[in-house]
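Which chain is which? They are A, B and C, in the order written, and residues in each are numbered from 1.
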């Protein structure tokens, strides 16, 4: 301790700053400015993040809202018995022999009459009037007639989907200039459209078919919907839920409650945390090689998609389940063991029920992740074809080829017609709607059942 | 060791360094400190004693505005150092804390080298113009904290690798290095073993030559050993403030007596 | 259909076993359950499991092995030469399709079972008959393919019969064994709990099996690829030009370059923004601000990557072109199309911001408050405390977070598939389109694959590369972060 009492003689004794506390000295001012700058960096960083988020949301809503409305043209179509039901007995099977080709002239004629009756002068030849309507118009009329044979013989008003160019004109995507080099519609068509709109025969309406309908071919973006791929996603989520929840919970219980501390447990732990960070595309490769190449399961089937997503979601579920189990205090286990319960009984009767809200929250978040995942689905073939029919039956929903919501969005984004971009954004709104609902449920669960020990 | 003889136990009043009047502290809705008046002398060791939760640490943290870092904490009344109100709007807490250093309950060296731990304060306050200046400050501070001989050969080793007592002395060196006028110590020995405690206590007695030292302690023996003045806090009130000898031999308030005789606490 | 019936029968058997086991135990205790070692239900479960578990195991094994055996014997009928891979698959799928068609024909009553068995190519065009029941067969059916199909049907039928018989025998035998064990001193609970424990362990090993599965599916196909294509071209080639006719150049270097370039841009965006956001949230923001900003950033993290991909393709790309393109308002003419390294990098950076910020936030919060107090007590400002105490203390953890972010960036697929372009290029210009390892995996494996061409198999080699790189990054990051956490626990 000899050095303790020599401070006053030490040359390095710092000169204390004896200034008044009420006056900020120059150095402190400088330091405070540095402080302000640093703080500003933080605020800037957060603002940039928030601006990105706002831009993203703005472009999703701005570009996607249009997909939920569609332009319809009201046409009064005469449905003559002699062409549609030559036998005259209103028998559906006989009527269905008249294909859409039989309906096309009727629509054509009705449109021409409508245009004539409104006194619209146009240079568009009568044969080209049909381009105003969706190529699916005839099918739409035919389906209606087949469902209501009594309509035959009457003149019925149909709200028929306008073609995607006309719809684009209503949504400011298409202009007269852009139509100059377009083979589907001419600028002169738009004059007719203007007249129809002014007289109230053409208008944008809410389009339920986008949510419930099936995908359409490249040339008919106006009738494409996301409903079928929603079923695909639903089937996959069922598979994920039914497999990953029990397996994930069982694995977590083992690791958290039973596993001895040894190399094998370590190996499992390292594996799980690594799998959580493996790129999703690698799971796609695994699915392709294991389920399709090796196990010969059908390509594009939601079952395969669900299996791949299960493997991908498992680490997430295991990690959150373990956290939930860990948060149950040891005193609960001790209490159960103390009255003579076996270790299994302590875990299954006491710890697991208490951890259940946390486990469910984690599972929902894992499912939400799986629902939005796209990359692995590309490899197992859930893109590149048109999901145009609802699966007929439960086993078909799992085994026959289908798309899934994110895969359908990707598919639309890759198509050439810009009208599909609107569909893609619209699909994103629906997808995000699902994700948001799931996350809100998770948050509510957590709030509602959160226990503080 | 003959230098130690110079240091006498003085209980005569020096100049007033810190003067607190009508201090009230609130944590949210909790009234933690109730109307405390106290005057702390320069070049003296003042001990705050009292049962846990009595507000002694809270009051200590008001003296260098460490409570500012807690959002829900609100301080009323006036605390003046050298006659200047430290809660005045013009006062920059940063400047204040350079003047009023602090040592914490648990040794908290930064995860840096011993040298960088001590040099941290001088660096941020710009006390050294050259590397040589800084070296001198570091050495002087470590000497003053009675640590130099133990660490002079490993100044670049991490401060977290020292023993508990050494770590606490490193923290004292770190506080001393900014050349404060007041040194606040919040139960500095509570995490230390008896030998390390003795070393730190000896050190506190030496520091009194240069600084006004305020120490919070839960140990009455420690207060009796190191302090000249003692303040007894109970339930947020300052019950009694007097010379240490007076407090321990002839307490005026029955609560103080109960506490030092071990009936409450 | 018979498999699901078999499973139902097994479950029913297990139910009966449960009941029998339970009542036998009660009987042996003279109806007083206090005389039993375990609760009566445990005796029931014990017998049920004894019946169910071996039966299901045998069922699964049989299910896995039977198709292989049948395939082998059937293929030898169709052709004498050694077929591999794609050709074999084609033949087999033909055989299977005809067999299924025959099944369909029988179930619809178009032909009888014996007709199907004795059918020969001479009878009538099989193609026609089968298409009547909805089976389309590609080429004209050859004699031995038809024979093989008939053989396939026969073998499948016999196999299924044998499987059913064996599984049922095992189930009943198991139940009987379980019942014999049952008496009042038998430790049924222990035996049931052992089975439960085994199930738990099995579930835990799924993670290992997944990793092994990934490794195998990558390695086997990669070896196959290197047998068809020189490894030197793959590893060191500087051109990427797959041709369907063969003779492709499949050099990985331009893909790796694109991957790293895009990832670096992404990290340059994400790390500063994410880190400063985290610092602000952890050290400055009031609890109220924190409770709004933190979820807002987490929203960014919950958005699927397909959304970011679309954002890159349709919003950010055109926006950048309008600034840096030939007619852009900056008049620079640097960018020819919306798909470019900068587009993908920027959007990927946005995607990674919440990832970096939430990881860093955790890590910064793990630095003990006493460190900050120590620094404030010496008169340091907040920013000095952050820069000189908190960040150095948190540095290892943050480094781990950045490594994890890098691994994410390298493995990200949808953003680059939609935003980066398709051209493999070695260039320094960030405004040019380039492509990445992940984008090419998608490109080579989408659609119908011939798993015998180097052009498809190269995707597995790319996958192996990707897996190895991200594995190294992940393991390093996890190691660092774990060490860091332990330091403050």
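Going forward, a contact is a pair of C-beta atoms (placed from the backbone, for glycine too) under 8 Å apart; a residue touches a chain by one contact, two chains touch by 3 or more.
Everything quoted here is computed from the prediction, not taken from an experiment.
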Furthest chain, CA centroid comparison against chain C: B
A-C or A-B, whichever has more C-beta pairs in contact: A-C
Distance from the mean Cα position of chain B to that of chain A, given in whole angstrom: 60
Length of the line joining the C-alpha centres of chain A and chain C, rounded to whole Å: 20
Touching two or more other chains - residue numbers and ranges from chain C: 381, 384
Multi-partner residues of chain A (at least 2 other chains): 31-32
Numbers and ranges of chain B residues touching at least 2 other chains: 94-96, 98-99, 124-125, 178
Sites on chain C touched by chain B in the complex: 286-287, 368, 370-381, 384, 388-389, 392-393
Sites on chain B touched by chain C in the complex: 64, 66, 69, 71, 94-99, 101-104, 106, 108-112, 120-121, 123-125, 171, 174-175, 178, 184
Contact footprint of chain B on chain A as seen in their complex: 1-8, 10-17, 20-25, 27-28, 31-32
Of chain C, residues touching chain A in the complex: 67, 189, 193, 196-197, 199-208, 210-211, 213-214, 216-218, 220-221, 272-277, 279-281, 284, 293, 296-297, 299-300, 302-311, 313-315, 350, 353-354, 357, 381-384, 386-387, 404, 407-408, 410-414, 417-418, 438, 441-442, 445-447, 449, 451, 459-460, 463, 466-467, 470-471, 474-475, 477-478
Of all residues in chain B, those that touch chain A in their complex: 1, 3-4, 6, 81-82, 84, 86, 88, 90-92, 94-96, 98-99, 122, 124-128, 133, 135-140, 143-144, 146, 148-149, 177-181, 202-203, 206, 209-210
